[in-house]
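Paired with chain B in one complex and with chain C in the other, chain A is shared by the two complexes that follow.
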Partner chain A sequence: MAENFAQHSNISAADLDRLTREAQAEATPSTARIIWNEFKADRPALISLFVVVGFILFVMVGALFIDTPKMMETNIVNYFNRPLTAGFPLGADAGGRSILLELIVGSRNSIGIALGLTVISSTFGICWGLISGYFSGYVDWGMQRVYDFMMMLPMTMMIIVLVTIIPHYNAVTLTLIFSIFYWEGTSRLIRSRTLAESGKDYAAASLTSGTNRWKIIFRDIMPNISSLIIVDTTLSFAENIGVETGLSYLGFGLPSQTPSLGTMIANANDPNNITQYWWTWLPAALEIIILCLAISYIGQVLRRAADASQRQGTAD
Partner chain B sequence: MWKTILRRLLIMIPEVIILSILVFLLAKAMPGDPFTGSINPKADPEQIHHLMKLNGLYDPWYQQYWHWVVHLFHGNLGNSYQYQEPVSRLIAGRAGNTLWLALFTMILTYAMALPMGVFAGRHEGQLPDTVIRVYTYVTYCIPFFVILVIGIWVFGYILGWFPTTGSISPNANGWAQTIGSHLTHILLPGLLGALFGTVNIVQYLRSEVIDAKHSDYVRTAQSKGVPSKDIYRHHIFRNSLLPIAAFAGYSITGLLNGSIFTETVFSYPGMGLLFVNSIIYRDYTVITALVLIYGILNLLGTLLSDIILSLVDPRIRID
Partner chain C sequence: MSLIEIKDLKVHYPIRSGFWNRVTDSVKAVDGITFNIEAGETYGLVGESGSGKSTTGKSVVGLEKVTSGSILYQGKDITQRRNRQLLDYNRDVQMIFQDSLSSLNPRKRIEDIIAEPLRNFEHLTKDQEKLRVLQLLDIVGLDADALYKYPHQFSGGQRQRIGVARAVATNPKLIIADEPVSALDLSVQAQVLNFMKKIQRDFGISYLFISHDLGVVRHMCTNIAIMNRGRLVEVGTRDDIYNHPLHIYTKRLLAAIPDVNVSERAAHRAMRQKVEQIYQSNRHDYYDDTGEAYPLVQVSPTHSVALPPELAHQLLAQESEAQD
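Take a look at the complex of A and B:
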């Protein structure tokens, strides 16, 4: 194109180069650039981002070096060792197991399930919302009735019932069961935005010029609501940490020999543990609180980045 | 108006039917038969066989389902195998506790959320608004069960201000003490539930107030010289009251879902704790009944909210 242009105009190559650079500088910065500027403008957000990413990497890598079956062996000698004793920086539980090691493996399991759940349920919710919002009429009506029905189900109860039915479940089946019940919020949000987008001129023009409907949905509309998708996915990740840990706390999530932040907090169910041996459950509880706050804070920053009128970061 | 309500009611019928079939099939799929545990392990297999047959456990599922539905309409939810008493009586004994706690939590939630929402909107962008926004952000993010555990640890065990188990103290005599003891038992779970359940109402009310502040009718009232306290109380607040009331229906769903956690943490004998115990003992008549009741309560809550909203906003009505 550049050669074509040079042939038919008398602008020199140097000028063209300069003009192109100027135009690029004036153009809207890329999404990644905007988000990064937003983080740079907000120091707590930057700290949250490093804490969350660093922590997730740490437990994912750290858990690789821990021999879980060996760690879960009971050793009565170390029964309720206090924190800061030799070999037990955070103490030990009733089985003499190191709380620190359990915390690392438990975080890996809980965060892993939350990540898996977020990926599956968000993907499903986004597709559901896009399709339901774009094909209005009977398709939308039917999909909305399914949505209504899912919203009516007592979620926690249904998950517990399903978990008891499945005989040999593991982290993967658990994630799938949770995913059945956690896509509705996303789908509702995406649907309402898709409804608005599909009424716009570009969608209509694309349809008139003969573009396939599916291509319009996933190639035209989806990129246009991508910022909403990023924000929603981050916020549901924070929420999903509470889903698995909550169920594991009740005793219907990961089995008790697989450590999870939830099963660790379940130590508090024993009135003796809750006061006398507080170190068996409090670290896990605090970790969940900090993680959820930090991830949601990142979500808030992303939301600001998505809305030009709220941005605090300045383009450099 | 009536058309909307009628249509909502008609949609409810298939929903309830599908829910009941789903619940029934799930209960059937649960491992173990209802006689596990209640029968001597040395019992004659022939006798167990006979019992199963007598209770219709060998019939095809749709027949069993039909029997179950017929019984349901007679108010017969079956017998609990764990407690050896009719499920309807068992649940009736527990439902009161759960509903009282839910009602108490909801009243506290509104009592805290309404002033906070108006206050935040009135002082938009100032310190009180920032404080309330940080509060709603924190309470929104943290999983509720973690708060319950930390709450019972701090206020129940360390400080000893509140009882940590049950719904009533065994020493309570007379009606005054009974009511007082009930109240102290639901105070901590109710307060925690309310403190962490205000987000939606506060945020909605805040944005309503901010919108109303710049509207013509408020400016008219201001120029007429109405004191700003009266403007907030009589004009703005009253206008947002109905949509706020609509939240009550939706919050039933949240409170019921939360009751499973609240009642487990506080060993509070309501339907949530009954559900958890029934799961452990595979008491599937109780499980089926509870899932069905919770589903129907959710449905009624949404119905209530939808009706209130269609009263408020004519655009939602179907004509």
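Take a look at the complex of A and C:
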């Protein structure tokens, strides 16, 4: 059969190298390149990206050098030290603990949980949505009923109940509990796009080309909704920082001996702290605002890179 | 033996509703059609939009779950998935899609698109595979520098060529061409049709050529089936269909072919109005009480029409009188 093709074409094995080289010279840039160009074209986004990545690395590494149990010991001598006093750049709280150190460890915990939650719930939600959307029919019907059931549950209440009845929990179990309730939004979004994509002829063409269905889902359809996935994941990361923070603030998140952004903001529950000892809660609040703004700004740039018509970067 | 035999094929889409998702009704996209495709020929399937042509094509290539009926290839019923796998069916039967843009994965480079069937059905080395892709590009008239580009960088005609290259990659016996040129400019249409014919000669491929336009089919097909609301209303050779049409639906399709000859435009319009008038006043003769087409009756060894036998022969007599 190979002769059959050779016979009707002027190209032979001798031309292979030359033609490959010619084609490589004409190759189109990859998606990763396009996204990077888009960041380079948008200065504030580039700064946001560095701030977010730099900050996360800083707290992850910095927290390794801090002895948390020792840091959390009460030391009445330093009771509400003001910022910029010796050894307390950001001051101290009612227990005489350094706000700066608490902030670093707390950020590590909160961001770690948010990252874990984002990875687990997005991965699960994406797979659920892709499979449900591609295999329409009974599979889809069944998976959607599970989705409906999960959506019916009062999420915050369920988390509070679970946290209360589980005797010993830590950051990992907490992340897993949150994950049970945070994949639904992603799955619905991904499913609706998958429905549209799997109806397109390229999915049919892959099937007649002998590619198996799982490969079509994850190698053909998923790359085509990758922009949606990236944007959704980025934005849910920003949102997820708020999930743990909010619950810890209410007292149902991490145990009080484990610092987190939420427990620090909870300092503001005391009217005295709000005005007089503002340094106990303001840094954590500012950090959350800045992080969330920067992350959603990054999400916007990704969205723009995904949508060819809105691109600002030049190379294409 | 024919290359492919389609027997009483039905594809009904269930309409589900309610909480239990029960089937409450169905769309009869294809409702009992029978025809054979011979090796090396181009078989035309023509009908207006929504008549079930694409559904038929997709059933033949194995993309559609059929409701009943059979499609025989090498003596096996390929409406069953097991038989398709057993035969490596899609190595021999491929498809060219109407919408060239949506049929090429926008995230894949041309090399990967064309090589996809090769990777699944033939086990070539990297170099053999690349050589084959370059030869295929050459055969459909594209330059080698297309290799690492993406589909959106090509024009509609070029994309359809890429679609053809992919369909031809495994040297199949039958290609379903679903309105391959409908989305293209007239000048590009002729080019694509010509090289499809050339490929057919070079590789001995059969086509099932689907179109809504009898004008396009004329130069491609030896046998033609006319499809109307899921059923075949007339089947015959090119001569039967173009020169001795019997069913009013076929006559309407013929009248709808745009006339390029300016001087005869008025005559053409009068003819079209006459056909339309016959259709409006005599519709009941051509369709049964429920508005469905009749079963096919044979009026000559090659020619069948979906009419009550008396009417069919009466029309045939009129037709031959008019010819003399």
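Everything that follows uses one rule, which is that the second predicted complex is superposed on the first by the 285 of 316 C-alpha atoms of A that agree within 3 Å, B and C clash if a C-alpha of one lies under 4 Å from a C-alpha of the other, contacts with A are read in each partner's own complex, and residues count from 1 in each chain.
Quick note on the criterion: a residue touches a chain if its C-beta (ideal position, glycine included) is under 8 Å from a C-beta of that chain, and two chains touch if they have at least 3 such contacts.
These figures come from a predicted structure and were not determined experimentally.
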Check: Can A:Gln257 be said to touch chain B (first), chain C (second), both, or neither?
Finding: neither
Check: Looking at the overlay, does A:Ile288 come into contact with chain B only (first), chain C only (second), both, or neither?
Finding: first
Note to self: Touch test for A:Leu207: chain B only (first), chain C only (second), both, or neither?
What the structure shows: second
Notebook entry, point to check: Once the shared chain is lined up, is A:Phe149 touching chain B (first), chain C (second), both, or neither of them?
Noted result: first
Notebook entry, point to check: In the complex formed with chain B, which residues of chain A make contact?
Noted result: 145, 148-149, 151-158, 160-162, 164-165, 167, 238, 241-242, 245-246, 249-252, 265, 268-269, 271, 274-275, 278, 281-282, 285, 288-289, 292-293, 295-296, 300
Margin query: Per the contact definition, I'd like the list of chain A residues that touch chain C in the complex.
Written below: 1-2, 4-6, 8-13, 15-16, 19-20, 22-28, 31, 141, 200-202, 204-211, 220, 223-224, 226
Check: Which residues of chain C touch chain A in their complex?
Finding: 21, 58, 61-63, 88, 90-91, 93-95, 97-99, 102-109, 116-117, 120-121, 127-128, 130-132, 134-136, 138-139, 144-150, 153, 163, 166, 171, 202-203
Note to self: Looking at the complex, which residues from chain B come into contact with chain A?
What the structure shows: 11, 15, 18-19, 26-27, 29-31, 137-138, 140-146, 149-150, 152-153, 157-158, 164, 253, 256-257, 260-261, 264, 275-276, 279-280, 282, 287, 290-291, 294-295, 298-299, 302
